[in-house]
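Okay, structure first, notes after.
Chain IDs A, B, C and D follow the sequence of writing; residue 1 opens each chain.
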Amino acid sequence: MNEFWRLPVNVSSYGGDIDGMFMLIAWVITIVFFAVEILLVWFLFRYRARPGRKAAYMHGNSRMEVLWTGATALIVLFIGVISRGLWLDIKDPLRFPEPGLQLIVSAKQFEWNTTYPGADGQLGTADDFIRRNQMHVPVNVPVRITLVSEDVIHSFYLPELRLKQDAVPGMQIPAWFEATQTGEFTVGCAELCGLQHYRMKGTLTVLSADQFNAWNAQQVAAAGAAPGTTPALAAPVMNNEAAGSPVVAAASHAH
Amino acid sequence: MSTAAAPSMEHGTSSFGVYNLKLGMWVFLLSEVMFFTGLIGSYIILRFANPDQFAVPGAVLNVPLTALNTFILICSSVSMVKAFADVQAGNQAGLKKWLLVTALLGMVFLGIQAIEYTVLASEGFVPMAERYAAHGRAGGHETLGGPLYGTTFYTMTGFHGTHVSIGVACLWWCVFQAYRGRYTANSHGGIEIMGLYWHFVDLVWIILFTIVYLI
Amino acid sequence: MSTAAVPHDTAAHAQAHHEHIPFIRKYIFSTDHKVIGIQFMFMSLFFLLLGGLLAMAMRWQIAFPYNETAGFQGQPLPGGDLLPETMVVQGIMLPEFYNALVTMHGTIMVFFAIMPLLVGVWANYLIPLQIGAPDMAFPRINMMSFWLAFGAGLLMLASFAVTGGAANAGWTGYTPLSINDLYSGVKTGQQLWALSLTILGFSSLMGSVNYITTLINMRAPGMTWFRLPLSTWALLITSILILLAVPVLAGGLIMMFFDQTIGTNFFKPETGGQPLLWQHLFWFFGHPEVYILILPAMGFVSDIIANGARKPIFGYHAMVWAIIAIGFIGWIVWGHHMFMSGMNPMLGGFFMVTTLIIAVPSAIKTFNWLGTVWRGNIRFHTPMLFALSFVALFVIGGLSGVPLAAAPVDIPLHDTYFVVAHIHYVLVGGSLFGIFAAITFWFPKMFGRTMNETLGKVHWALTFVFFNLTFFPMHMLGSGGMMRRLYDPTQYPHIASMQDTNIFITWCALILFAAQLIFMWNFLWSLFKGKLAGENPWEANSLEWTAPSPPPHGNWGDRVPVVHRGPYEYSAPGATADYQLQTEAPTGQPLPATH
Amino acid sequence: MAEHTAPAGAPASSHGEHKAPNYYLIWLILFVVTVAEVGVAFISQIPKTVLILILLAMAIYKAFLVAMYYMHLKFEPRRMWLIVTAPLPLAVILVVIVLREGW
């Protein structure tokens, strides 16, 4: 079935749950699909018009109505109930795991800029550094990102990490992922954002912890050598709730 | 095939006891409710998101003047309903008189709104203003609100004003028809739906006045 | 009634001067609901063709992009030389033109093809005929409704010719891309887009005020609510949805237009405006709109399947309540279009549950259609084939909605070709097949001649096969991670690896498009040369089949039909034929004890 | 197709049975409530939330009066109410759900 649906390779901690849920639903709807279509084709064949025959005269059957209404309701409610927890695990900031790394991903036509906390491990300080269209993260560490946009709506899409989240100008939207394998993966834009939308792509490089620390140290050194890197969150944020508050706190979205 | 003599176009087989024209107007007003829901809803949402952009009541907008305008619109509603009552009672003179009063009151409302807009604009309060100060009334040049204030104020009151303008035009048409003797005690659907529209516009203003000017 | 045998066409035709209405009043500025319906049909079939052409150009670009670094040589767009340099340069489509194609294909198909084909055509044509009324409640407002829609269509077409080209921010027009030409490169086109849709909204409102009033007030004697054909029921609920949803869109569009032109700030984030507010307003309209686009087709299909199976519709009351339920629940599901938009995740949970619940009335309808063909005596005429295909394809479209409705599964699927496949299964496999069924079914009533059955069946077979070959593989492209609206999908390695599928889809889409030319030919040929149809060529029950074909202005002259029974009395025991017109008086003959 | 005509019987059947309400009394109430609204709005002692609720209640009461008496809804058949109140839940749904966004 994975082959049939051509799912991209999964390197996300919660990707397995999403894929499992997808497969479960895929099986349910495949069974329903075959049941209904085979029944339909069989009826069409069995009850095709023949001379001298007359159709049955009936107006319905209440018990059948109750039966298929109830059965459908049960199936969809079951799907709803099992989906809800997973949805909140992935999207509700209150349920996010303790992050090992916090990043700001700022979208603009047509690039993804990732702000790293720099030497002090704090975002929003002078030693932050920015990488364009290149994201480096350590493996097996929950990464919390805050999505902002400088111009229009973009959608931050990591197919292999089963993550998609729009970046909306004027909002700071939290998201998280945890990569389970090292390697290079796709960063794409899933929301039409202008002429070069199709080229708004980047690379996510998942490194081992040691490699990541080495890479980070190297970047920090380079950034220190060339001071004056603008601090993160250059995007003008008019949202009153977020204005002036620290990045990560603001990201947790008052409900 | 069994058939029956066709009823006239206006009768039909009614299951609501309401004739076509009136039912059609009510149905149309429902869509108007949703239209103003979109506008007022957007206002509420934008205001909740940006409370600092909206000035306190009276700081920018001239509440006494608008209260007078509200009063005028309420008066026009009562004159409209009197016109309807008179045509039902067969009182042609009363119909003409009250229709004229209604149309004139509607025009006074529009006139006052035009004055209000002119004064506000001269103070720098325009739909696209980034920042503005209300010279004169609030004293000094301090910033009283943000860009969304003007945007929403003019859009909402402007759309209401457009509705009033359309209403006034239709009222004059009714006046014209009334003078031609078009409406009788037995045939006055035009006056009734005119009234429905006019009262609806009044009703919307009652809500707008409270939400935009007083809160 | 004497006109019964004389077919007259809406196209310029000599027979017009048999009656003493001047040509322009009879065919152009007509207040006859049937002429207005036919006018809507010609207009929207034109837009359907245009929207299809735009899709073909898009498919060509997707299959044959120029991306030599990744090893894709590209193919010049056939006929691209005819287009100006602002769209196609030396056979290579420009990204801005591609984005305009994406936008205009969606806009034209949804607003100017499918919606008028379902509502403008059939609500006008069928409602008075099926309820036994001489015309609409407000015939002149009805005429204005058509001409406003026509004007809106012209405006939309004009946007291709203005500087900067047509709108290119997607048919959903997400702000701020759609309000700022610094971001999209399109100024006038985007303004025309908002303006045209606002005008079309007014047209739809006029129409639905008319339909609702007519349906409530002008039913023939004996036509109780539960004797209405399901087409009419569906059109009633659709009209209510239009009435209450379209003004919200119109409000949003006007705000958008002000943002674009006079510099207001509703959707501008830099001044505190809310881009997501537009999405909420758009989808608050947009989801009822989805049901506006499918409910009427469900109604037509119910009528046609009962007719083809020669059997009463299974569970008439359940069908009616399912339509009403879809109409109600449709108002509280719009957030599933915004699962990834950054809205409150708690809301996401709420919308997921409501969305899944809507599967229940859809399932009720599907099973009732199955129940209708069960133990029938099925005649496979062209409308029946399209109606049955509607059921088969709606099942796929409905089921593919389930993974999209389950919010966590939607995370990888959102904004991918899975969604494209889903919407096309519903809008083409569903609505358009329903439209083809309806056109072939009521064509004899409209024009007094039947369409050619052989051509009809060839058209059906090709459409059915190539529709599935075109759209089914898109599901896998989507679960494989191919995003929507990509000018050059080969830019992404994981999509480039599926490029052979894209090429296959494009060829199938071209054949699908070509198959529609058969329909066009059949339609035009049958207008003039089709076999003459009597009053009731399909041996159906509902009231329109008691009027002459085509019905004269006023439908039944100075009489109205009196209704004695429901619209689905097929194969009733004791009846002389296997159908009984709704006007057939009760015989008083006792029913036999057994059958 | 005279769209401006009421049928002969219609007004009698839909309005004949009730006594015309006292339009001037309604007008007086509307006037008094409007004055009260403006007055209340400028009393700064009242907490903001309470003030908003009071003002909204007054506005809705006025709107209710206009609809019931001037638009004669009180004298329409009950099933008209079904039609007329249909969009109100939708209006509430739209505003409440979008506000739940947490902006």
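Basically, a residue touches a chain if its C-beta (ideal position, glycine included) is under 8 Å from a C-beta of that chain, and two chains touch if they have at least 3 such contacts.
Small disclaimer: the values here were computed from a predicted structure and weren't measured.
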Closest chain to the centre of mass proxy, which here is the mean CA position: C
Comparison of A-C and B-C by number of C-beta pairs in contact, larger one: A-C
Intercentroid distance (Cα basis), chain B paired with chain A, Å: 47
Separation of chain A from chain C, taking each centre as the mean of its C-alpha atoms, in whole Å: 32
Between chain C and chain D, centroid-to-centroid distance (C-alpha), Å: 37
Per-residue overlap in chain C, given as positions that touch at least 2 other chains: 138, 244, 248, 271-274, 276-277, 344, 346
Chain D: positions in contact with at least two other chains: 1, 3, 86-87, 90, 94, 98, 101-103
Two or more partner chains touched - positions in chain A: 238-240, 253, 255
List of chain C residues in touch with chain A within their complex: 95-96, 99, 102, 169-170, 174-177, 180, 183-185, 269-276, 309-312, 314-318, 340-342, 344-346, 348-349, 352-353, 356-357, 359-360, 363-364, 366-368, 370-371, 373-380, 388, 391-392, 395-396, 399-400, 402-403, 406-409, 411-416, 475-477, 479-481, 483-489, 491-494, 498, 568, 570-573, 578, 595
In the complex with chain D, residue positions of chain B that touch it: 8-11, 15-19, 21-22, 26-27, 30, 33-34, 37-38, 40-41, 44-45, 48-49, 57-58, 63-64, 67, 70-71, 74-75, 77-78, 80-82, 85, 88, 177, 182, 185-190, 192, 195-196, 199-200, 202-203, 206-207, 209-211, 214-215
Complex interface listing, chain A residues touching chain C: 4-8, 17-18, 21-22, 25-26, 28-29, 32-33, 36-37, 39-40, 43-44, 47-50, 53-61, 64-65, 68-69, 72-73, 76-77, 79-80, 83-84, 86-88, 90-93, 109, 147, 151-153, 155, 157, 159, 162-171, 173, 186, 188-199, 201, 236, 238-240, 253, 255
In the complex with chain B, residue positions of chain C that touch it: 133-135, 137-138, 205, 208-210, 212-213, 216-221, 223, 225, 243-248, 250-252, 254-255, 258, 262-266, 271-274, 277, 281, 546, 556, 558-562, 564, 581, 583-585
Chain D-touching residues of chain C, taken from the complex the two chains share: 31, 138-141, 240, 244, 248, 274, 276-277, 280, 284, 331-332, 335, 343-344, 346-347
